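Given below, in the form of structure tokens, are the structures.
Below are two complexes that have subunit A in common, paired first with subunit B and then with subunit C.
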Partner chain A sequence: MDITQDIREVLGSNEAFAGKADRLSEDDSLFDMGLDSFGSVQLMLALEERFDVEFPDSLLNRKSFATIRAIREAVSTLICRDAA
Partner chain B sequence: MTTLAARADRAAAVAACHADAVDREGRFPAEAVAALKAERLLGLQIPGQFGGEGAGLSQIAEVCSTLGQACSAAAMVFAMHHIKVSSLVTHGLDSAWHCRLMERIAREQLLVASSTTEAGIGGDLRNSLCAVETSGEVFALGKDASVISYGAQADLILATARRHPEAATSDQVLVALMADQISLVRTGDWDTLGMRGTCSDGFRLEARDVPVEQILPKPFAEIAAQSMLASSHLLWSSVWYGIASYAVDRARAFVQAEARRRPGQVPPTALRLAEVSNAHQAMRGTIVAALRRFEDAHGDADTIGSLGFCVMLNNLKVTVSDMAVDIVRRALSIVGLAGYKNDTPFSLGRPLRDVLSAPLMIGNDRILANTAKLLLVQKSSGQLMSA
Partner chain C sequence: MESFSSPTVEVLPDEEPAGGPTFLDRLFDHGLLIRTGVDGLYGRSGAFESVVEALDRLITRLGAADGAEVMRFPPGMSRPAFERSGYLKGFPNLAGTVHSFCGDSAGHAEILACVEAGRDWTGQQEATDVVLTPAACYPLYPVAAARGALPAGGRLFDLQSYCFRREPSLEPTRMQLFRMREYVRMGSPEQVLAFRESWLERGTAMMRDLGLPVAIDAANDPFFGRAGRMLANNQRAQGLKFELNVPVNSVEKPTACLSFNYHQDHFGSTWELRQADGEVAHTACVGFGLERITLALLRHHGLDLAAWPEAVRAALWG
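After this line comes the complex of A and B, so read on.
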């Protein structure tokens, strides 16, 4: 499973990133690109659905969703936890 | 006496003397703000190394409540000033220019105002239309600011704007604009039911040739999440608590006067007073618990920026603003006509009109709608004694 590509696809379905998800670098700030609080909630929901995980409250902060790299790290942790 | 409580009491006494005139004439509470400056209360929150006192939000909240019992407008001006200062203190330490600004605020007791509301955007803090236009080492900014509370009286304004003319509406920065760097043309008058002294007029704001170092280095999104949301809701709530406390005190004095007139009987209004005292205590508990949670976070960005913390602050604002209105209204019903009239020791017209602003300043429906979105992902309600 290519997590990063999946994350880009989920981002692409978010209003703020339609058509530009593939051009984002790993460390571009998603908030600077126009992700707002509602957008980040929608993004969390879409990621939970795509990866069949639930973000615990401890991960529900701006840092976890600030960049593609941060999202991948958060998702990877949850997938590993579920697999264990 | 030089304790913080004594300084706040002295400033509140001045504010109380002029509160009716400020309300009647819809004018800035100049005497109260002069008293706040004389008591050095505008620099309270500035860190000690910059000449301030490094006070925490709980101490500022106590002063807000004291002032709220005297003059709602003066209390709200003080609260709004410290909401802006909290952003400087939390996010300005990495910037030499903003550190010097903090020194000036403490030394010269500068009054800081805020410009977030904009024509075409309304009160949606996290979006701007206007943009910073940089050329070389300076920038220009023009903003149709439909509300700037005490904009004409402030020594400086912290304004939101898009980072550059091509930036998304939510890609904002916060810029510090000194009064002598801007022109303000009044475009709207603040003629309102209550809170008349905040002078929240509309302005066309123009700034030119402002050094780029006056732009706070942190994105406004972070500033909003980590300092503004918390300080706004906590300090506004404390002002409303002060207004509600004043009304409860009037009601209590009224009931006690009745009791003295009829020894041996408990006046029927005493039962209503017991009810309002109950609500007042619940209001206080809600605010104090939120202040404790904020202080316990010790400025940790992850805690304060977390979804659960945001839900808690939203709930604080909605609950406390509604309770404040309810408490003042109930106090009025205890006091009766003596409260309805404007010239008695029990008059409650001004506090009632003032407190009606509480559910409207950032409308409670807007806040509930925001909470509703956050609840789509929040997982648990936490524990009783910790988050």
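After this line comes the complex of A and C, so read on.
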């Protein structure tokens, strides 16, 4: 599973990143690129559905969804935990 | 900034003994609030209203030099405007919609029969184009946006409205219908943040002059569900909301009597409200819970207004 590519696909379906998700670098600030507070909630819910995980309360914050790298780290932790 | 001042009281005056009358019971017994049979929906006595009105005037005096434009809306707003506002994203559980009978004569007979038989009669009620106002400033944004771009100095509005939130409770401070006074600032981020800062100071001084123990704390709105937990965490982390808390029901869970909110460009984007230079406008507001401040005064100074400290009476009634 290519987590980063999957994240880009999920981002592409978010209103703020339609058509430009593939051009984002791993460390571009998604909030600077137009993600707003409610958009980050929609992103969180879409990621949960895509990866079949549930973000715990401790990860429900802006930092977890600030960049593609941050999202990959959060998702990887949850996938590993579910697999263990 | 988590908390830069703390309440000075360790216990509340007239702490209720276990099993004794609650603060709400005592408010009813003294006739200050009037039962309606619905938790959180109360009548108010003349004495109670005299405090609310004095607070309203006091807030007007404190803000008079700023030259806010006064607007008063009824406690209902346009449903399309309410839908566009985004309120349902965060608070679907608190909203109150107005429904009315839309049937014919046969339907009329049917609802009367249902009422007579004690059955549900609401099946033919349909949503109207009116929603109960959830916060005093919600009807303002579309009106302000319709005027076009803001002038260079931004704008400042003065609002007061009964507001509805569906959260029945036995805490007298959590009413379903209550009055909120607000000042709303629209402009650049610097303009609206300076406004919020000035009201953090003015609001704190006002409450101290009323002899109330206060604390300012970072806060979040009661967003609904799991998505709401993320919105609440974000709101706190960004320092978007502060509340001025006073112990009323308990010292452990003080009551937010004033709130100071920075909406960033949320309403500006939603309503396409622009600054003079074409940038999206930012907004901020200070909200005063008129019943909550009144209840805080009653709790701390007693249920007999004539016996309140002279300085407090002077601040309210001059």
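As a convention for this text, the second predicted complex is superposed on the first by the 84 of 84 C-alpha atoms of A that agree within 3 Å, B and C clash if a C-alpha of one lies under 4 Å from a C-alpha of the other, contacts with A are read in each partner's own complex, and residues count from 1 in each chain.
In this text, contacts are C-beta pairs under 8 Å (C-beta built on N, C-alpha and C of every residue); 3 or more make two chains touch, one makes a residue touch a chain.
Please read all numbers here as calculations on a predicted model, not as lab measurements.
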Touched partner set for A:41, first subunit B, second subunit C, both or neither: both
Contacts of A:52 with subunit B and subunit C, given as first, second, both or neither: neither
First (subunit B), second (subunit C), both or neither touched by A:16: first
First, second, both or neither for A:2, with subunit B first and subunit C second: neither
A:33 touches, of subunit B and subunit C: first, second, both or neither? first
When both partners are placed on the shared chain, which of subunit B and subunit C touches more of subunit A: B
Overlapping contact positions on subunit A, where the subunit C interface meets the subunit B interface: 36-38, 41, 44-45, 57, 60-62
Contact footprint of subunit A on subunit C as seen in their complex: 86, 89, 226-227, 229-231, 233-235, 237-238, 266, 269
Contact set on subunit B toward subunit A in their complex: 126-127, 163, 168-171, 219, 221-222, 225, 301-302, 305-308, 310, 370, 373-374, 376-380, 382
Residue ranges of subunit A in contact with subunit B within the complex: 16, 29, 31-38, 41, 44-45, 48, 54-58, 60-63
Touch list for subunit A against partner subunit C, complex: 36-38, 40-41, 44-45, 57, 60-62
